[in-house]
Structures are given as C-alpha cells and as structure tokens.
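Listed after this line are the structures, all set down as structure tokens.
Two complexes come next, and they have one chain in common, subunit A, joined by subunit B in the first and subunit C in the second.
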Partner chain A sequence: MESFVSTGVIGLSLGTQYALLSLGFTLIFGILGVINFSHGGFYVLGGYVAYSFSHLAGVPFAIAVLLAALACAVLGYFVELLLVERHVNDHLTTMMITLGLYLIMTTGTLVVFGPEPAEFPFPVSGSFRAGGFFVPYSNLIVLGVCMLVIAVVYLLMYKTRFGIALRAMADDREVAIAQGLRPAQMFPMAFALATGLAGLTGALVTPILALEPHVGESVLAKSFMVVILGGLGSIGGATIAAFIVGIVEAYSSVYLGGSKGALTLFILVLAILVVRPNGLMGSEARKA
Partner chain B sequence: MKMQPRSRNVFFTDMWALALLAPMILVPILTTNQYYYSLANQALIGLVAALSVYIMLRMDLLSFAVPAFMAIGGYAAAIAAKGGNTNLLLLMALSFAAPALVALPLGALVLRLKGVYFVLVTFVFNEILQLALFETPKLSGGSNGISGVPSVTLLGMDLGTNQGVVYVTLLVAFVATLITLAVTHRYRPEFASIEENETLAESLGLATWRYRTFGFVVAAGVAGLAGFALVNMLMTAHPSSFSSFSGINYIAYAIVGGRGTMLGPVVGTGLLVWSSNLFSSKGEYSAGLFGLLIIVVVTAAPSGLVGTIHQFFKAIRRRLSVSADLPTNSDAATSQPIKGGGP
Partner chain C sequence: MNSLSKYGFRSALLTSLLAALPAWAQNCETKIGVLGPLSGGAAAWGLAMKGGVEFAAAQSNEAGGVQIGNRKCKVTVLNYDTKYTADGAAAGANFLAGENVKLIIGPVGSPEATGVKPVANRNGQLTFNSSFAKDAIGTQFPNAFHQLAGPSAWSPALVKAAKERFKITSVVVVAPNDQGGTDVASVNADSYKAQAIKTTEEYYQRGTTNFAPIVTRIMNLKPDAVDTASSPPGDAGTMVKQLLEAGFTGIIGRLGGPGTPEIIKAAGGVEKIKGFYWLELVATEDPAVKSMLVDYQKVMKVPAPDNTLLYTAAAATRMVLKAITAAGTDADATKVAAALRGLPAEDPYLGKGVWAGKASFGLAQELVFPVGMGLVADGKHLGVSRLDLSGTK
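Moving on, here comes the complex of A and B:
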C-alpha cells in the first residue's frame, strides 16, 4: 500500500515533466506545423546550461534553471528566424533541418562536456515521510514547479493577447493573417516559447534522471508518445496524455519491470490509436 | 494521355538508378582494399533502405519503421542460417517475406492514420520492436543478439569471403532496385493520385487502401532485404544495428537526393555515406558535420539534389530554346548571366 502511494506520486511527478516537455513540442506543431526533431536537443542543452551555471559558476540552482530556459528560448528564436522560417510550409524540409540541428547540438554538448554523464545532483536531498510511505523532496519540488509552469503556460495561451493570437494562428493561419497577425513575428516567438519550455524541463529534471549528451533521443520518443496519445497540436490533450503516460510508466516499471513496462505503454498507445486515430483530443490531422 | 512523355522521362531517370549499380561489380575485381569493400557494402545497404523510404514517399507517407522491418528480415535470415539453411536465394526470399507478412496486418492498423500521426507511429513501432527483441532472448538472443551467423552459399559456393559479401550485397541491392522500379511504375498512376489527393482518388473509385497496403508491404519487404544484407555483412544480428535513429539516416538519404525519382535515393545515399565516412576521421565531430551537411542541402536544394539539378537544366534548356527562336535577340539572350534566373 505504501509503495502504491509513493509510486503514484512519482507517476504524477513524471506526468508533469512529460506535460511540460510535450507542451513545447505540441505548440510548435500546432502553430507552425513543424515537427521539431531537435526538441530533445533543447532539453539536453537546458540541462547542461543549468549544470554549467550552478556547478561551474556557482549560481544558485533556481537562477541557473531560469537562465537555462532563457538561453534555450533565445537559441530557439534565432533557429526559427534563420533556418525554419523560410521553409515553414514544407514538412519534410523542416523535419530535416531540425534533425540536422539536433545532430549539431548533440555534437556540441559531446565536444564541450564529454560523453560521460555529468555529476549534477539535485540541490535538495532527503525525503518526505508520512504514514509509512516516502517521496524524495526533489520529486515534490519538480512536481510543484512543473505544475506552476503549466499553469503559467495555460494563462499565457488562453488569457493574454499574445496567446490568443498564437491559437488563432494554429486554428486557421490564413484567416489569422487576413486579420492582420504577422507570422514572421509570431513564429519565432512561439518557437522560442516551446524551446524555452524544453530547456526549463531539462534543467529541472536532468538532476533527478540523467544528464548526458545522447539522452535527447529517448526524450524525443517520449514526447512523440505523449502527443500521439493526446492528439497533435492539442494543449489539453498533451497534458492529459502526459499524466496517463507518467502514471502508467511509474506503476508498470514497479510492478512489471523496466522494459515490460515500456512495452505495455507502447501497446496501450497503439490500441488507443486504433479506436481514435487522431489521439484523445486531436482534431483533423495535417498533411505530412 | 498527356502524361505519357513525362512518365517515360521518369522511367529513363529511374533506369539510371539501376545502371549506376552496374559498375559496382568492378569493386571486388579492381581492388582488395577493405575500406572500399566496406564503403560499397554500406552504400548499397543504405540504398536498399532508402528505397524502402522512397516507395512510401511515392504515396506521400513518411515511414520511420525501416529499421524495424530491417530487423525482422535480418533476424529471420540469421535464425534460418543458424538452423543450417544457408542458401542465398532462400534467405533473400525469407528476409523479404517475413517483414512483408508482419506489415500486412500492421498496415491495416496504421495506414488508417493520416499525415503526421503515421510518421510518429512508425517511429514508435521501432521502439516497440527494440523492446520486443530484448524481451525474447530465446528467439532473438536478447541483448546479445545472434552472433556467428554462418556465411551464405549459392550452388555449393561459399560466399563468406570479403569479395563474396560485396557480391551478395550487390545482388540484394539489384533485386531491391528492380522490385522498387517494378512497383512504382506498375502502380504509378495509382500512387500518384494517392499522393496528390487521396480523398479525390477514393471518390473516383480507386480502392486506395489496397494500393497503400500493397506499397507498405513491398516497402517492408525491401527493408527486410536491407536487413539481410546488413546481417550478412556483420555476421551478427544485434539490436544496435537497427536503432530507431538509423531510420532517420535512411530518410535523409532519400530526401537529400530527391524524392521525385529513384535516382534521388541513389545520389543521396552515395553522397551521404561517402561524406559520413569522410567525417568519421573527425571523430566526435562527425555527427555534427553530417547534420550541417543535411541542413545545407535541404535549405539550398529543397527538392533534393536530383530535383534541383533537373530544374537547373530545364531552365538552361528553356533559355537556349528562347534564344534559338529569336535569332535577332540571341546576343542579348545569351549574354545575360545565368544566375539572373528569370521565371
């Protein structure tokens, strides 16, 4: 019973991490129609920037995380402006560009930081104990911060003019442009927001999980899972799906063991897609 | 009927893809250098995998599942060879049939998905297959894979020598190219109408699901052939040979070369395999240089190298015919710089 509760909390914590990660992915797809293969790269970059600031420069962890998010956002802004913008309507080309970018980013971190996992422990240790079950403080803090950021993203997307404009762009680009919205200004900002979220997640989560140059691939695969399940481009769908994936993963890895758990998850996703080919909350799919 | 000359043009370009394979026969005769053998094997295997991507692209479907089908074909051949069946033709047939049989029910499941969902699901399918390999150690050797796969034989000849392996890979590439040529030309109008507008094709009475499934099954079989050639070269079937990210390389081969004709995958594979071998001397920088090359090519030549060169020549020909038609203006027309590039 105790392990059941603590596994549940870890599942929730995983769910918030995945939600944050896939929100960025699904935002870029929903607004620009671009599948961002470098999303995992920004996650890793965020981790390494936070690591450099907090361990090598001695900046407090919280500020290092913010700096990491900012650095990824700025990089994302220029990537969109200089590389993606001109080809934004061509799925294959943007896919190849972001893929090439991912390879370059991985190489960059590999050259600078080496192939070994970085020593990047979470600054708060110890566990919260109550009634026989215990949860590490680090998981609770990540859970809280991720929830907060998700709330901020929701406020941004649904309550500000900027967010409404972005959603208008996602809904129907032609009408939005006819109404006077400028894609050349919105797209880099949307891309920056998404990569900033990826960087933030990386900075927060890599101290708990692992920080090494090649971890981006599995992160990308996980974002794929979540957005397929939730429905591409749907913010609500991604959030719900992230919690499903996190909780299923936590329980199945405890009760079924590592790779069997992952296998269960994949098969669950395939089964849901058979029933709902556009994901849980997806609308009509775009052409690839 | 107006389509006729164009489709004949495409057929000629596609035949070039086949013709370019022929000189590869000379590789084992001209040299005993292991480096060139390895380069030839890599390029040919990459080409077969890229052709599998190409078949799917003809129907406007981007498939990441190539490594998964390669793994099924490769493991099927490895298990059969371990069991004592080392006949080359038998193993080739098996490595084509096994993934094709898996693709048949899978296609019914995933071909209902449209656009990007299909892309992402095929990516997930790789992950599932990787896990399945680890979970079935009795059949697939789990994380150890199947090592010491015996070399293939044909008519009593042992093809395990270095030259033999190149010839086996070349034969596989030749067969795969022929299959791709046959399928993409036999069903060219059907595939083109699916690529252009599937709903319209369906409403005009084309049973699109039948052609999509057929294309998917053949693409899986072709990928299986690539897997067989890879296992035959390495003499080992191991999960790491079929990682999901290798699927991205094969897609890059097809797109960098150009998705319009079969010459595209040939040119793309040649260029990228050659350059990644060149880059590998740069050690840890190699992946980054590869990424940079992909970005440069797709931004400079969005329709692929072959497509862009084709457009370039068409523009020149148009320019020449204009100057031939107007002899009085010929001086002005030819003295114009080419890079001015009018519409």
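Moving on, here comes the complex of A and C:
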C-alpha cells in the first residue's frame, strides 16, 4: 500500500514536470504554429544557467532558478524576433531553424561546460517518511513549485488581457489581427513565455536527475508525446496528457518493470490516438 | 661562381634545417582512430579511451614515432563521438575510412560494437573494442580485437569476494534493457545465483533520466545489494542518488564498465557509503600501473581521466603500434592484425598478460591483463586488490 502511494506521488511529480515542459511546447505551436525543436535545448540551458549562478557564482538556488527562467525567456524572445518571426508561416523553415538552434545550444553547452554530467545537487536532501511510504523532499519541492507555476500560467492565459490576446491569436489569427492584435508584438512574448517555462523546468529538475548537454533530447521526445496525446496546441489537453503519462509511467514501471513499463506507456498513447487521432482535446485542424 | 656559391649556401641551409626537424617529420604520418561516446551519460568511458590513445601516441612521438620499415612516422589521433549508439559507431567507422584510417581503438560499448563490426569489416579496418557483449568479437570479423577481459572471466571471483565481505543474501542487478546492459547483467546474475544469492534482474529503457519508479521497484524487493552492472556512469550516479534518497541502506555493487567516481560523487563521498564493491579494469594499486598516471601528467600536461579505460586503451594502442612495426605497414589492417596475433601480450605499465577469447569468442584476440576489485566498507576505502586472470581461455 505504501509503495502504491509512493508511486502515485512519483507519478504526480513526473506529471507536473511533463506539464510544465509541454505547456511551453504546445503554447508555441498553438499560437505561432511553430513546432519548436529547440525546446529541449532551453531545458538544458535553464539547467546550466542555474548551475552557473548557484554553483559557480554562489547565488542562492531559488534565485538561480528564477534567473535561469528569465535568461531563457529573454533568449527565446530574441530568437523569435530575429530568427523565427520572418518565417513564422513556413512550417518547414521554422522546424529547420529550431532544430539548428537546438544543435547550436547543445554544442555550445558542450564546449563551455564539457561533455560529462555537471555536479549539480539539489540544495535540500533527505526524504519524508511514514512507515514504508517515502518521498524525497526535493521531489516534493519540485512538485509544489511546478503546480504553482502551472496555476500561474493558467491564470495568465485565462484571466489576463495578455492571455486572452494570445488565445485569440491561437484561435483565429486573421480575426485577431482584424481586432487590432499585433503578431509582431505577441509572438515574441509567447515564445519567451514558453522558453522561460522550459528553462525553469530545467533549472528545477536537473539537480534531482542529471545535467549534461544532451539531456534535452529525451525531454523533447517526452514533450512531443505529451503534446500529441493532449492535442497539438491545446493547453488543457497537454496538462491532462502530462499527468496521464506521468502516472502511467510511474505505475507501469514500478509494477511491470522498466522495459514493460515503457512499452505499456507507448501502447496506451497509441490506443488513445487510434480512438482520438487529434489527441485528447485537439481540434481537427489548426486555424491560425 | 658567385651564383654557385649562393646555391651551395642555400643547399647547406636547407640541409641543416631538415636535420633539425624531428625524424618523423621527414617521413610520414600514421593515423589511429578512436571511436567512443565523447558526450552524454557514457562520456566518461569515451573520454578515457581517447585519453589513453592520445597518451600512447604522444609517448610514441616523443620517442621519434612509430617505425614502419625504414621510416619513422608521427602518430596522429582522430576521434569521433559515437554517442554510445550503433549508428553513431558505424558512421564513425565510415568517417575514419574517409580519412584513410585503418586502425581503430574502440568502440567502447556493446551497441557501438554491434554497429561497427560489419562496417569496419567492409572498410578493411582493424578495431579494438572494450565491449562486454557476448559477441564483442567473433570469427566472422577476424580484424576485430578486444582490449579487456569479459564478465565471464572476472564476475564469478568478484561476486564470491563480495558475498564473503558483505554477507549478501539478495541482490538486484540493474542495467539498460539492450545488449550493452543485458550481456553483462545476465552474466553477473548467474554468478550471484551460483553463490546461492537471491537474484533479481531489473532492466530499464536506455535514455531514462528519472529512475524514481525503478528505485521504488528495487526498494520493494528490499535487497541487501544493488549491482549497477554496466549502466552508463551518468545513469549509475543518478540511480544511486535516488536510491539513497529513497532510504536504501544496503550495499552498492558495480561489476561492469568503470563508473566508480560517479557513484561515490552521487553518494556524497566515500565516508557516506556503507558498502561498495566494484570492478577495476586493471590492478590500479600496482606500482607500475600507478606510474602511468605520473607519466600521463608529464607527457600530456593535464591530469589523467579518472577512469580505467584509460589504461586498457593505452595498452591496446601500444600493441597496435608494435604490430604496425612488425607488419611493416599501417595501411593494411589484415597484415597488422596478423602481426598483432603473433605479439606477446605485454605492456610496460600493465605487465604480462595473455591472449584469451578462444573459449568465449572462438578466437584468441582478447587482450587480458590482471584486473582489480575495489572495496569501501563503513565509509572507509579498503583499497583495490589484484585479481590475476592469466588462466582465462
């Protein structure tokens, strides 16, 4: 029973991490129509920025995490403005741009920080225990922060004029422009929000897992799976799918083993996509 | 007359300049390729292998280069990051073929070895891998060599010693679910079972970054020991970190590729470890072996990588360089391979070894030197004991 509860907490923790990552990924697709292959790169960059601030410059971890999110957001803003903006309606070109950007980011971190995993431990160690139930404090903190950030993103998207404007752009760009919204102003902001979320996740999560230049590849793959399952461009879908993936991954890995667990997850995703080809909450075609 | 004396002066100047250059610069260049993961979770292995090859090459160059017939050739090293994948290694072999490199040290692991063997065979290249795969080399690939002893040679003895030391009654052997993991973990598991230790094999998807579910599964089994076998060092470090956070208080084992520093780092230092046993690919506390670190620092001007693949790769390179001299060519891998088979297995640092592999692979192309067993008990490093494998067939 304790193991069942522990697994549930692990699943929730994985779910919140996947949700944060996938929200950024799906925001960029939903609003700009761009599949951002550099998303994993911003996750890695967030980790390395936080590592540099906290371990090399001695900045407290919490501030280093915020600075990492900010740095990734600023970089994302300029990437959109300078590289993506002029090709925003050309899917193939934007895919190539973001893929190239990912390679540059990975190689850049490799050159600067070296190929081996950085020694970047979470500042809080130990576990909360009750009988056979345990959960590391680091996981609880990450879980709490991720949930808080997801709530903030939801408030931003559904309760502010900025969020409503972004959703209007995602819904129907032509009508939104006719209403006076300016893509050239909104798109870089949306991109910055998404890359900031990826950077924040990287800064929070890499200390409890591992930080090395190529870790973004598996992150991108997982984000892709979550976003496809949730429905490309759907914020709600991505969040629900992230928790499904996290919880199924945790329970299937614990009770079936690492190999069969991964297999179960992929079979489930495939089955859902057979029944709902556009994902859990995806619309038939993207309008914008 | 005037122009003649000018011509004579120029000739003399040119001759003296040429004489001042190292002997090899007048002659030729021998290229040695390195294939291994130079980035990612297994980078520690690839970087150590690269370091070993570069060190052996630099030492050879200090001595004037490698002798090929009547020429002395400068040894240069070309490397390729395989990212620990079969396709990466195959692409690396092709890249090196494009650079006219016929002699390759590496690749490191089983996925790479599987990918590289047919490609290197087609390219007419000699390889010297360090994979623990059950088919790391074989009769269908006569130019493929193996630079260290496989798990069947050392696993039974190390498991027996670990059981005696830590009184282990149950163990979980954990590794990736591909050939790189299963080929070592299954041999280790058989060794544990032979010692009447309750054994569970646990495999995970390669590329896993969060081991929390696997750790929960392991904790449910309540084992005395967890052997991380041939999990990449980065994975092993993360796993041990998460195991300790989950409250694991048992013994950690590492009977596979080198990954000791990563595990000790993840645990927060030797003093925080209750028990830890591991394979060292060489007897690291032998004075001759230790002296290689000093020489490395002297020659390369940087500290040596903290990974024992450094030694086996350097020894393999020295053997290949000797074989080039014996064969009188560096362009024909088959001739170099034939010469290599005829050389005694010995190394200035690792001592006398044996050519083994007949029993496991069908051909005696496995370069075996003594290995070591490292021990940490109750927060104290108990050193590395030497294990002689000269009886390996």
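Note that in this section the second predicted complex is superposed on the first by the 284 of 288 C-alpha atoms of A that agree within 3 Å, B and C clash if a C-alpha of one lies under 4 Å from a C-alpha of the other, contacts with A are read in each partner's own complex, and residues count from 1 in each chain.
One rule holds in what follows: a residue touches a chain if its C-beta (ideal position, glycine included) is under 8 Å from a C-beta of that chain, and two chains touch if they have at least 3 such contacts.
In this text, all values refer to a predicted model and were calculated from it rather than measured experimentally.
Of the two partner chains, subunit C is the only one that A:G257 touches; subunit B does not reach it. Legend: residue contacts after superposition of the two complexes on their common chain; A:S3 is shown touching subunit C, with no touch to subunit B. After superposition on the shared chain, subunit A has more residues touched by B, the comparison being subunit B against subunit C.
Of the two partner chains, subunit C is the only one that A:E212 touches; subunit B does not reach it. Residue contacts after overlaying the shared chain place A:L83 against subunit B, while subunit C stays out of touching range. In the superposed pair of complexes, A:G58 makes contact with neither subunit B nor subunit C.
In the superposition on chain A, contact is made by A:L110 with both subunit B and subunit C. In the superposition on chain A, contact of A:E119 is made with subunit C only, not with subunit B. Once the two complexes are overlaid on the shared chain, A:G180 sits clear of subunit B and of subunit C alike.
Overlaid on A, the two complexes show subunit B and subunit C touching the same residues of subunit A, namely 110, 115, 217, 259, 262. On the side of subunit C, the complex with subunit A involves touching residues 38-41, 43-44, 47, 83, 177, 202-205, 207-210, 212-214, 216-217, 219-220, 234, 237-238, 241-242, 245-247, 262, 265. Per the touch definition, subunit A reaches subunit C in the complex via residues 3, 6-7, 10, 13-14, 110, 115-117, 119, 121, 125-127, 129, 134, 136, 138-139, 208-210, 212-215, 217-219, 249-250, 253-255, 257-259, 261-262. Touching subunit B in their complex are the following residues of subunit A: 29, 35, 37, 83, 86-87, 90-93, 95-97, 99-104, 106-108, 110-111, 115, 217, 221, 224-225, 227-228, 232, 259-260, 262-263, 266-267, 269-270, 273-274, 277-279, 282, 285-288.
Contacts from subunit B toward subunit A in the complex involve residues 60-62, 109-110, 112-121, 123-124, 127-128, 131-132, 134-135, 244-245, 248, 251-252, 255-256, 259, 284-295, 298-299, 302.
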